[in-house]
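Two complexes follow with subunit A in common, the first pairing it with subunit B and the second with subunit C.
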Partner chain A sequence: MLKVIAACGSGMGSSQIIKMKLEKVFKKLGIEASIYHTNIGDAKSQAANYDVVVCSDSLIGTFANATAKKVIVIGLKNLLSEKEIEEKVLEKIVNAQ
Partner chain B sequence: MEFLMPVWEFFQNNILTKPQFFIGFIVFIGYLLLQRPIYEAVAGFIKAVVGYMILNVASGGLVGNFRPVLAGLKDRFDLSAAVIDPYFGQAAAQASIENAGRSFSMMMVVLLIAFSINILLVLFRRYTKIRTLFITGHVMVQQSSTALWLVIFCFPQLQDMGVVCMLGVLLGTYWSVGSNLTVEPCQQLTEGGGFATGHQQMFGIWIVSKIAGKIGNKEKSLENLKLPGFLSIFNENVVATGILMFIFFGVIITILGPELMHKIDPSFSANQSFLFFIIEKSFNFAVYLTILQLGVRMFVSELTESFQGISSKILPGSMPAVDCAATYGFGHPNAVTFGFLFGALGQFLAIIGLIVFQSPILIISGFVPLFFDNATFAVFANRLGGLRAAAIIPFVSGIIQVLGGGFAAYFFTTGNFGGWHGNFDWDTLWPVIGVIMNYGQYIGVVAVILILLAIPQIIYYRSKDTYFLIAEDYDQYLEVMEQKKRSAEELEVMAQKV
Partner chain C sequence: MFKELIEKKRYSFHESFATWQDAVRAACQPLLADKTIEAEYIDAIISKVTELGPYIVIAPNICIPHAQEGVGVNDTAVCFMKTEKSVHFSDNSEHDAKLFFVLASVDNAVHLENLCELSECLSDEEFVDKLLAVHSGEELKNLTCSMS
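Now for the complex of A and B:
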């Protein structure tokens, strides 16, 4: 079971959109995951407890430490594009294993 | 029928006038209607009720923390004060509504009616020309709260039923028309990303998209700029709020002085240092804001999820209108920081202006309008008008936010509870709507709704052939535009030959 956290500035709008899109993509790819969403500060301090962090491209710098701890960090350009999310999930999660 | 009276009274006393249970039951029934299992409905009910109760604790905390400072300002300088931020605005609106002896439950009914109006306008889009459905839950809660107070302020005699119906139609029209205005700017920015903005500065985005190209040159973009690294700490809400509040309340409380604060604020104990009292007081705002957001997130995520479901299920061909931060991925990170900085500059300058010209209300910058509005404007402005537009537009927006917010907090008296909504549309469009409602009464409301509904019609008649295409199929839209350009050029060549 993959533990995933979606993050955005306030932890309310964009991160929830990412979460809902991720749920769809994971379901399509048959990946079992529990997905949470929160704000960027929260996600930063908790990142080590998750397998994957997903956020907007513009916030990816916040998770430099998490990347060092082998947490997979995915930055998105279009938060609503299932196509982009699927491509990045395939690249960073499925094919990386 | 006699036996029904106690049932109704029970319902009214325990559910209808208790927003937490009212919202809980709406979520519960919603889940059942969506045919989700009963245990999920129960979980949703609990999360909605607890979320709302958390929000209540935090709203009370925000207003309560502010109260002694407000009293001090009133006492010493005969000033009132407001933080311009949607969360402070929501807390102040709730306090104003309850102070007027009305039930805050109406907020939720307004939200549902307004959302239904938006659905209807999209369903009949062939006539209404509305292409977007507003699904940003937490923003809908904030706006329903503030707008509810505006209507109660302007129509104190109107019964609850009248209030929610009238406001539901008005707010639903604003959500539809405003988000519909952002279709062209968003599609161009994201190159067909397939979403519009449903947030608090939709008219602002539209204005920016019209003027940015005229203000600057898009070739001179801000991508090459190196911004100092310390600015990244403002990415974190708690840190940014802590710093902002420390600056503002530090100055205000220092001016009021330790003697007065001892007298009016019982939380300032005799042996605490003045400096640490100020730090604690300022950071308290960050505490309550964090709690407030936790509460909102808890009960709103249920809402947004079902809205998203509705939007993709019953409205194919329409666009979802989402949080403004969804556009940030399409702008350089510098644009976001740049907007915040120049917005802050504009706000601080305007606040100094308020003090110099002895305004009866003092405005305190809140993080959400400062950051989210101006960062969004900078992203759009940079794309269309480069560095120069991305600096000038947020700067001017900062000034407008303070002046418009100051007027609104004073006129609509939410300054008594220390807050105003403060986002761009709520410092410009909504104060105007409020004043029209106040003096024009029902005729004013009807006029506002008709004017709003006319906006998409006008845009449609100016671009008939591509109006729906840009939302449905962006690539084909580009092709059509290219073809148009080519045939226009051919015409010109032919004209020259003749």
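Now for the complex of A and C:
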């Protein structure tokens, strides 16, 4: 089971949209995952306990430390594009293993 | 969600704005006027974006100004604004927006329903193209999204 954090500035808008989209993509790809959505501060402090962080491209700088700890960080340009999410999940999670 | 924002006249149309801050303030006006939000909520949105960058721009042309629930919010709502010219949230054109959906929440269940509908509708590129061509509440009323 993959442990994923969806993060955004406030934890109530973009991160919930990311979570909805991720659920669809994971289902399509047959990946079992639990997705927690939260704000950026909380996500930053908890990132090391998760396998993957997904957020808006403009926020990925926040997770430099997590990347150093082998957490996969995925930044999205278009949060609504299931195509972009699927491509990045395949590239960073599925094919990286 | 679209039905409610049309019924409650939570929308506005503008030519352009000099700054994204002015655009966010204008986008929030209908919610301020009907007391769904207080002025401090608008300040909270602007200060979050100033602090973290343009994370509220979620897709080409689309942004969802919002801040954390609790401060200066009295009801759960979505409010729409469209500008003719792009509003720049940074020097990068990837952060340009013309379609604004202000989110306010006191009820997480209703808010989630709104978000779900919004995200489904805005994932339909044809619907987004139609939204980009709308100039009035009357035209907005005639738009249909397969989700709503």
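General observations
Basically, the second predicted complex is superposed on the first by the 97 of 97 C-alpha atoms of A that agree within 3 Å, B and C clash if a C-alpha of one lies under 4 Å from a C-alpha of the other, contacts with A are read in each partner's own complex, and residues count from 1 in each chain.
Rule of thumb we're sticking to: contacts are C-beta pairs under 8 Å (C-beta built on N, C-alpha and C of every residue); 3 or more make two chains touch, one makes a residue touch a chain.
Values in this document were obtained by computation on a predicted structure and should not be read as measured data.
In the superposition on chain A, A:93 makes contact with neither subunit B nor subunit C.
Once the two complexes are overlaid on the shared chain, A:8 sits against subunit B and subunit C alike. In the overlay built on the shared chain, the residue A:40 is in contact with subunit B and with subunit C. In the overlay built on the shared chain, the residue A:20 is in contact with subunit B and with subunit C. Residue overlap on subunit A between its contacts with subunit B in one complex and with subunit C in the other: 8-14, 16-17, 20, 39-40, 56-59, 62, 77-81. Listing the residues of subunit A that touch subunit C in their complex gives 8-14, 16-17, 20-21, 39-40, 55-59, 62, 77-82. Interface of subunit A with subunit B (complex): residues 8-14, 16-17, 20, 37-41, 44, 56-59, 61-62, 75-81. Taken in their complex, subunit C has these residues touching subunit A: 48-49, 51-60, 62, 64, 66-69, 90, 94-95, 103, 105, 111-112, 115-116, 118-119, 122-123. Remark: subunit B residues 136-139, 190, 193-195, 199, 232, 235-239, 293, 296-297, 300-301, 304-305, 308, 320, 322-326, 328-331, 333, 336, 368, 371-372 touch subunit A in the complex.
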